[in-house]
Amino acid sequence: MNQEMFTINNLWMMVATILVFIMHLGFASLEAGLTRAKNTVNILFKNTIIPAIGLLTYGFIGFNLMYPGDAFSGGFLGLTGLGLTLPEGWDTFAYNEGYTFYTDFIFQAMFAATAATIVSGAVAERIKLGPFIFFSILYVGICYPIVGMWKWGGGFLDTLDVPFYDFAGSTIVHSVGGWGALVGAYLLGPRLGKYTAKGMSAIPGHNIPMATIGVFLLWFGWFGFNGGSVLSADPGTVSLVFVTTAIAGAAGAFGALITSYLKFKTYDITMVLNGILAGLVGITAGADQMGIGEAAIIGFIGGTLVVFAVVFFDRIKIDDPVGAISVHLVGGIWGTLAVGLFGNLAGYQQVISQLTGIGAVGVFCFLFSWIIFFSMKRTMGIRVEEKEELEGLDINEHSMRAYPDFATKE
Amino acid sequence: MNQEMFTINNLWMMVATILVFIMHLGFASLEAGLTRAKNTVNILFKNTIIPAIGLLTYGFIGFNLMYPGDAFSGGFLGLTGLGLTLPEGWDTFAYNEGYTFYTDFIFQAMFAATAATIVSGAVAERIKLGPFIFFSILYVGICYPIVGMWKWGGGFLDTLDVPFYDFAGSTIVHSVGGWGALVGAYLLGPRLGKYTAKGMSAIPGHNIPMATIGVFLLWFGWFGFNGGSVLSADPGTVSLVFVTTAIAGAAGAFGALITSYLKFKTYDITMVLNGILAGLVGITAGADQMGIGEAAIIGFIGGTLVVFAVVFFDRIKIDDPVGAISVHLVGGIWGTLAVGLFGNLAGYQQVISQLTGIGAVGVFCFLFSWIIFFSMKRTMGIRVEEKEELEGLDINEHSMRAYPDFATKE
Amino acid sequence: MNQEMFTINNLWMMVATILVFIMHLGFASLEAGLTRAKNTVNILFKNTIIPAIGLLTYGFIGFNLMYPGDAFSGGFLGLTGLGLTLPEGWDTFAYNEGYTFYTDFIFQAMFAATAATIVSGAVAERIKLGPFIFFSILYVGICYPIVGMWKWGGGFLDTLDVPFYDFAGSTIVHSVGGWGALVGAYLLGPRLGKYTAKGMSAIPGHNIPMATIGVFLLWFGWFGFNGGSVLSADPGTVSLVFVTTAIAGAAGAFGALITSYLKFKTYDITMVLNGILAGLVGITAGADQMGIGEAAIIGFIGGTLVVFAVVFFDRIKIDDPVGAISVHLVGGIWGTLAVGLFGNLAGYQQVISQLTGIGAVGVFCFLFSWIIFFSMKRTMGIRVEEKEELEGLDINEHSMRAYPDFATKE
Amino acid sequence: MKKIEAIIRTSKFEEIYKCVAGLGVKFLTFYDVKGMGMEHAKSQTYRGVAYEPAYIPRTKLEIVTVEELVEPVVNCILTVGKTGEVGDGKIFIYEVLEAHRIRNTERGEEAL
Amino acid sequence: MKKIEAIIRTSKFEEIYKCVAGLGVKFLTFYDVKGMGMEHAKSQTYRGVAYEPAYIPRTKLEIVTVEELVEPVVNCILTVGKTGEVGDGKIFIYEVLEAHRIRNTERGEEAL
Amino acid sequence: MKKIEAIIRTSKFEEIYKCVAGLGVKFLTFYDVKGMGMEHAKSQTYRGVAYEPAYIPRTKLEIVTVEELVEPVVNCILTVGKTGEVGDGKIFIYEVLEAHRIRNTERGEEAL
């Protein structure tokens, strides 16, 4: 290792950090686009404040919870202090050959907020702002880093005989968000008028261009999300990850296109957009372990699954306006499993470890979210009043409209 | 060459790859913004699926067609296999001093889809989805790589005594798209009501902010498109290319602003946006051969030409909703020629070679597109029914609206 | 220094350049989103042409004015020629260890236009296009580089015993824009109907999603704006700057959220967006001198100040549709002062130097803007006619609408 | 033939439509209008400035029908459309001289 | 003076306008309305859920004119506006008591 | 009871509303309509092609009121709504047979 290589690695990690940052705009656009105009300010407000929450809480406690140090390797939980304390030689390759201490922190911090952003989509158009922000702080500040520690912090999932493998976070990041989304959407109940006596009714997203912009920005950022997870600028690995990431997204688009066309006899762009994301979530766990062909298969299946998942959750009356649960939870589980089925690590033992990880994370996140959402539901209440929901959250929680100059329906 | 330099070069090529990727969002936004609200889902659907097609087909066959190897140097066509096969030392500078095999592939793959995206703008608001997708697959998977091979793959244009010069693809990429756009728009015929008995009527784009976002994103990505075409992070060359790219775009804006103001007595932002793109397309062929002054001249002339071109194609009743032919074909030809007129390579011989390249590519792409579009027109048909066109493609091909919550006119 | 390190540094500077470029799209989106639909084409037109003006004028004269060379060190003004002349070894680390001559130019050129963009927001919805463009050319081409020379060009502010410190331009860039905005908004007077007999009336921005996209893009680009100001890829410093930049923005969001909620009892997203920007502007002057805690404090205070500032300027009837003065002038002054109050440079002497810089720049920019705007006001006039303002600038200055397919109110 | 014009709360449209449809009214036309009246719009705040949108969005209903149906239709609207709070709206009745169905040349009552 | 109100297919407006203009009708007012009737809107699908927009967008035409012109105007609409398919719409005629031109104080028929 | 329908310049609405409110008219309904008349819309240009939007956006005002108020209301509109230029619009008066207030069951004049 020399200063040049260290500088290159650190440069790539910083660029990757910026790319992950812009994913938050991707989420904001996608979620705003797939919900109604009367709730747009609200969803944007949440998605704007979430990254802020993520950066601050991660600096205050998250980073320490997630990387408590070797003392806690193989453990479930560890904390040695609050805030950031600069270690010796933090800005040299003595700290890490791939990045400085600050790069380490900021790259990780950008990831953190993602979990809450995923939730915001599923609970959109009916959750109260206060409770949501409160949940986000706890989920991003405590739940996410604890789970992250289990694997990336050297916790028990990392020390299994056949270690659980999750390259960039199909489980550690996306499923974590997905579980919170599932619990939130379930405890809130569906949006008014979504599931009526005469069956399911559609509540179309109000701005398809915004949704499309959102997905492109997410894909754009994903190159940093996965590519940065190499934790260095190693030419071979990073370029491989780029290829698998690109191909999986593309295959996901086709998986969803074909499946939704066969099922619904129509070219539904929102399904294609979800399919791209499902393909990306799917490859995330094994982005550095697959070849181009395997990436295509994983992405394609991810894109197919998401269509069935969206229909399934609708059938069991769990109302997820943007398909967050289908994309991040279902896609995340699929991607994590896929590491045991395809690529370099494929094998029976690995499947077991992957299932262990999926299960452990699932149980913990499910309970964590349930406890917070449920206790809030019983106390302050988590859902806006019927009248507010009908009129829209923008006018009621923000006394503002997203498009005041336009004649909007309803 | 050493590992550090190799890693730097490869890093820049990967960053450039991401920048080229986001250009697809740029195209999507621009084309959606310059067409009508009733066709927005359709144009976005196409622009979302195109990059997916590009990545997959290029992996399956395109890359092999474009770089068949030395065996075919000086040739017209070569193919030695399908799919990607990792060469020895693919991830070392033994493969190439600038990038790994995978970086090579993914950077090239991102370019590929561009050709089809250009076409989609010109045929917007009236082409059937199926036939368009079919065309795109063939054009991106076969036509583009074959033409690319002629120059970048060491084909006959590269082995002329005075080799044809096209740095980043004014001809190889933009004109290829432009020819397809010309043929498509011509064979489809104009949109209903565009050219009526009482003359030409305007069909304003429905969302100028989106169009603007699109052009900025394209300019943003162009730094990767041109800068990456250096195929290394060489400080001198890449920074020169950045300057010429930025200046040409800026000069293009002024060229179009002044020309359109003089012609129409109004400040038409859509012309300025087209002017920026024309400036960028113009500099693309010689971005590394020009000085700042020459870049300004080339960009300015490009911006001027595009205004005349838009008017011209309207006059001959070729209906191009977004000005794709004027920007990419006219601009591409201009830029390719400019290499013979300005900068380091300027000279009579070079002009001849440039004309040779322009001509060869033109004839091939024109015929290729004609054959596909024409045979589809005679069989399945390429144009939606009158009623569908009037009601809009969104509701008819996608049974969906882009802005369901808004009161839209018509 | 060796070629590898030079190439890395230059690579980062080029990437930073692209990031600064996209900030112009951020400004365009933010300003368009916070103004009315009837003036959208106009604001986009300005923000599209401004970067073009910036690049061209900076190449023609700005760069020379800003970096006249050592001969003028400690001075107020210097100019040794027009256009760009390549120095010996321009593309080697002999020129500079961090970048080539061209990288130097293009990075600086991207900054230049920012000043004018800031002004465009404050004078929006009522200024004539011609005069605004004329002002922008002079402000970007002459005022900005002269001020920049004082510090970054080695001028008198740089040679004070305790040199004035402005890392990335809280004063040199943001305040410069802010002063122009103040003068412009004042001399133009408020928009019709803004301050009426029965008090202040709200004129809501027409597209909150666009405004949100704008702020995220600005934050995104800010990593290049501040990170690039390190002028090398030094791992320690750049990563520190990333952290302070991210944290200050996040803290700014909370500062504005809390303050505006306490003051107005509502969750106003436009204030949160302004707060993020104020936090970013605030940290810009000392981004490399603060720790994470200080960054949080500076950002938080910045976010708080902006809310009071917006109310204040409304009270004194200076109509700033997008809050540009509050964000860039107030935020810029705060950030510049903060360097003397927090971090490594904190100290009485430094405060004095900071005040000197703030004052000198303020006086110069104020006078410069006043002279131009005032003389134009007396001659050609700077404000559109009442009828045009009521109908909207789009239809009158551009004979075009931004959203022709939508039913817009008024 | 009479024309019944009702200015109602937009939120009540669905219910009212069901009710009149129940009476055999197969056709009706409605559109968004703005109302000035006793009720006042929820005030909004933007960047610290509170303001009150000048009007309230309402829905206007138009039903042309025969004498006999006027009474029952009006009752539908009065009962279903009522919340008892200011803002419920009004109903107005007008005389219709003639009606034509464009599809065929039916006119008068059977055109309804 | 009579008022002619016609609910027509939005797509037919152009033609109808041409026709009545030919009769010397210089003024008319029209706007978008929503119709409930025999015809049903094209069903849409969103994320696998098919649904039918409750109403059909239509255009409402208002022409106030003199007795003599009522017949011909109605005929214009009946002939040009007709497709023969459900959804063609209706025409209604009302009595107008008085008319004023705001620009000058003309009233009655010459105000039309 | 009479119904006053006025097609006015959108820009004049505020003033007219103030004026009629001064007369004690507490209620009115208005909405955007499109007008064809003598006045022509400002022509626009797009990518070199000049075109003229077919119609002019206008506001339609509806006030149902008692005999006595008709004259003064009409005068308000005639005086305040007038610019003297083509495009000022028109006023039409109709008979109203009956009125109901939905909130309570008041009918006739006190329902206004």
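Each chain gets a letter, A, B, C, D, E and F, in the order it is written, and its residues are counted from 1.
Definition applied: contacts are C-beta pairs under 8 Å (C-beta built on N, C-alpha and C of every residue); 3 or more make two chains touch, one makes a residue touch a chain.
Quick caveat, the model's predicted, so the values are computed rather than measured.
Asker: Counting C-beta pairs in contact, which chain pair has more, B-E or E-F?
Answerer: So, comparing the two chain pairs, more contacts are at E-F.
Asker: Of the pairs B-E, A-D or C-D, which one shares over half of its contact pairs with B-F?
Answerer: Repeat interface, by the over-half criterion: C-D.
Asker: At what distance in angstrom does the C-alpha mean of subunit E lie from that of subunit A?
Answerer: 52
Asker: Averaging only over C-alpha atoms, locate the centres of subunit C and subunit F and give their separation in whole Å.
Answerer: Between these chains, centre-to-centre, one finds 47 Å.
Asker: Could you tell me which residues belong to subunit A and also touch two or more other chains?
Answerer: Residue numbers touching two or more other chains: 4, 8, 11, 15, 204-205, 207, 213, 266, 268, 270, 399-401, 403, 406-407, 410.
Asker: Out of subunit E, which residues touch more than one other chain, so two or more?
Answerer: In subunit E, residues 31-32, 44-46, 94-95 touch at least two other chains, as defined above.
Asker: Pairs of chains that touch, anyone?
Answerer: Applying the touch criterion to every chain pair yields A-B, A-C, A-D, A-E, B-C, B-E, B-F, C-D, C-F, D-E, D-F, E-F.
Asker: Which of the residues in subunit E end up touching subunit F in this complex?
Answerer: Subunit E reaches subunit F through residues 3, 17, 26-31, 64, 94-105, 111-112.
Asker: For the complex, which residues does subunit A have touching subunit E?
Answerer: The touching residues are 200-205, 260, 263-264, 266, 268, 270-271, 307, 310-311, 314, 323.
Asker: Quick check: in the complex, which residue numbers of subunit E touch subunit D?
Answerer: 2, 6-8, 31-38, 55, 58, 60, 74, 77-78, 81-95
Asker: Can you list the subunit A residues touching subunit C in their complex?
Answerer: For this pair, the touching residues of subunit A are 3-4, 6-8, 10-11, 14-15, 17-18, 21-22, 24-25, 28-29, 32, 40-41, 44-45, 47-49, 51-53, 55-56, 59, 83-84, 90-91, 99-103, 105-106, 109-110, 129, 207, 210, 213, 397-407.
Asker: Within their complex, state which residues of subunit C touch subunit F.
Answerer: Touch residues, subunit C against subunit F: 390-391, 395, 399-401, 407, 410.
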